[in-house]
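One chain, chain A, appears in both complexes that follow, with chain B as partner in the first and chain C in the second.
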Partner chain A sequence: MTASPGLAPLEPAARDALAELLLSVADDEFVIGFWDSEWTGIAPMLEEDVATSSIAQDEIGHAKALYELLAELTDDDPDRIAFGREVADYRHAALLNHARGDWAFSVARRYLYETADAVRLTALASSAHSGLAALAGKMRREETYHMLHADAWVRRLADGEARDRFVAALLALWADAQDVFAPLEAGDRLVGEGWLPQPMSELHAAWVARVRPILEPIVGDLAALDPSPDGRRRRTDDFAWLHGEFTRVSGSEEGALW
Partner chain B sequence: MTDRIWEVFRQEDEGDPMIHAGNVNAADEELAVHYAREFYGRRGESHRLWIVAREAITELDDPDLLKPPFDRSHKKPGGYIIKHKLEAAKQRAATEKEES
Partner chain C sequence: MIAARPEREERVWAELAQIPDPEIPAISVVDLGVIGGVAFEDDRLHVTLLPTFVGCPAIDVMRHEITERLGALDLAGSVVVDVTFDPPWTSDRISQHGRERLRRSGFAPPAPMPSGPVGLIGIDDLVTMPDAVCPYCGSRDTTLENPFGPTLCRAIYHCAACRQPFEQFKRV
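Moving on to the complex of A and B:
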């Protein structure tokens, strides 16, 4: 095991706990980055195309940094972690299982994800794991802009001609959105070590309190739901298709560089 | 949403002049700011951006005002040739010195 400077090597159970947390965040960023990059070339207008593609690139960049941290922890290769797993081994939240859909659907998903990610990053920025805390702090600076961009679109779709589609998308995604806060197997340990400063259940409650006042005036009452225990293990055909897309180059030749 | 055109000016470093970078289409100021940032600032190349609705710009392109038909060379720094006058003045000064 390779330890980064200033970090003592961890015993296996602790290492696995930290790895589970890092992988969940990394896979979220990686998968939403790939879904949103599906808009490149066909977004509603040229300027939005560049903005969406750029944000998607940012998310992949965050995933890369997280995979690198994880690879260092588990003595693995970041590219192997990103591209070398089977569909069932990805640990992103169920919210990110869906294909990009139409523009209203993608905006609805990004809003739900960005708000949840903001709550999670705020917590992780004060993680007892210094490497993760530093990375989360850096990611937050970029996510501020992502949040503003998603906010801007929510307000536009909420009372424009796309309203019906936007409402339908929010309602369709609401249950799976809870799963950004799906319990981690090592949740107690992560909180005990201070690596995850608050339990997922608290972060979930903070997120619900944040989005409810924004979304309910648009969609009406939203069901009070708990994240599901398998919220990071359910996989769909949509994701299997995306997996085929993003592993196409790495799958065509082992160790290929591009 | 109807798109409007927004002219974008960028400054590379504090104190540098604001230079016209180009323009973006956007429905309103908020999205214009996002798009300007993506087009002219996402690579860290800008210290500051100005985003101006094109209709807020007052344009002057009247040739009668900008390219008047008469010779205006006397309004340019190079339009007034002082070389010979300067030489004459120097000579005069030298003569006056000799005479005194």
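Moving on to the complex of A and C:
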């Protein structure tokens, strides 16, 4: 992928800051993409089989482009970053630690993630890092379709028998959903450089203001929670299982191409 | 008034116009609008490629095909394909000729993008998603069956007039 032309090489602290931001977004897209792909072949209806598979392909494609940007910055290999880390070294938000659950659980998670991702991408599209801004702008156009899909399913599950499952899933995920906006260690620096155009706390507030009016008529009052400082470091057995799945091919033979 | 392209570049564009899109071979990469530009620099021929979708698996196929085909023209020492998202590819980049080719192959061309800056579509805008014109009978009495189709860039519709399912190249 194309670098940011004319950008001088960064000093180590600046490079680490940018790397932390890129890795957080890339890991979110990568992990939700693999959870989505768990529905391929077994979604409740054929249309959803196609939809979740297509969305998974989008998300993993976004992760690939972000890992490539990161690898260029840190002189690394995108495949190594994607598949060559231990469970504890992934930096996705706690929201993405959970196994896919039932369909209502997946829809609830997808809605919470898509709305948060939309707020984040809108901000990143005006990042001072031109390569990241261009990629975020392009990703945002595609994510429109994911939003459309998530919105449609929230409407469908808000009534009838599915409602109880959907409400239970939303309540179970609400706390961890805040962690898409968990503070980054280099947060001040990222905002100072304009790479992250707004602090995570502002993005978090914008997201809460967006989802509350949609969700509260369905689930009732939602607790006002802050993202937790370790929101991108907590890992679960569910994720350890998924990690075993997605590293199975790369781990079977070092340097294998597929 | 547009200055005539140098002959060397003209040959490059003519060759690119013969390279089909790997996923919808009815349309060339030029008509699809994924070629951002062509430039000779020193002994290298640079081609800018704008992916339709970030995760499009056809990117590497296109890159390979472009490198091979243009390399065979022997116009430069090497061919470099630069993939970029700046400017982003949008479905408005598909040429009129390309739209007609899509229609004749059973694909509804994408509706034009709304003018002005394109943000995320809000929940209230969903009902205003443009319907597609049936590529078989020309009817507008069509419904979106699934915004996701067999590839990232295709959606599935149904025509109530001729009862034919068809695909639309997504507006993006």
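In this section, the second predicted complex is superposed on the first by the 254 of 258 C-alpha atoms of A that agree within 3 Å, B and C clash if a C-alpha of one lies under 4 Å from a C-alpha of the other, contacts with A are read in each partner's own complex, and residues count from 1 in each chain.
By our rule, a contact is a pair of C-beta atoms (placed from the backbone, for glycine too) under 8 Å apart; a residue touches a chain by one contact, two chains touch by 3 or more.
Keep in mind it's a predicted model, so treat the numbers as computed, not measured.
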- Task: For A:S54, decide between first (touching chain B), second (touching chain C), both and neither.
- Result: both
- Message: So in the superposed three-chain picture, is A:W241 touching just chain B, just chain C, both, or none of them (first/second/both/neither)?
- Response: neither
- Message: If we overlay the two complexes on their shared chain A, which of chain B and chain C does A:G160 touch? Say first, second, both or neither.
- Response: first
- Item | Dominant contact partner of chain A by residue count, chain C or chain B | C
- Item | First (chain B), second (chain C), both or neither touched by A:Y145 | both
- Item | Touching partner for A:A65 - first (chain B), second (chain C), both, neither | second
- Message: According to the stated criteria, A:M45 is in contact with first (chain B), second (chain C), both, or neither; which is it?
- Response: first
- For chain A, give the residues common to its interface with chain B and its interface with chain C. 47, 50-51, 54, 145, 148-149, 152
- Task: Note which residues of chain A are touching chain B in the complex, please.
- Result: 45-48, 50-51, 54, 145, 148-149, 152, 156, 160
- Show which residues of chain B lie in contact with chain A when the two form their complex. 1, 3, 24-27, 30-31, 34-35, 37-39, 42
- Note on the structure: chain C contacts chain A in the complex at 53-57, 82-86, 88-90, 118-121, 123, 126, 129, 145-150, 152, 156, 170, 172
- Note on the structure: The chain A residues in contact with chain C across the complex are 1-2, 47, 50-51, 53-55, 57-62, 64-65, 118, 122, 130-131, 133-135, 137-145, 147-149, 151-152, 214
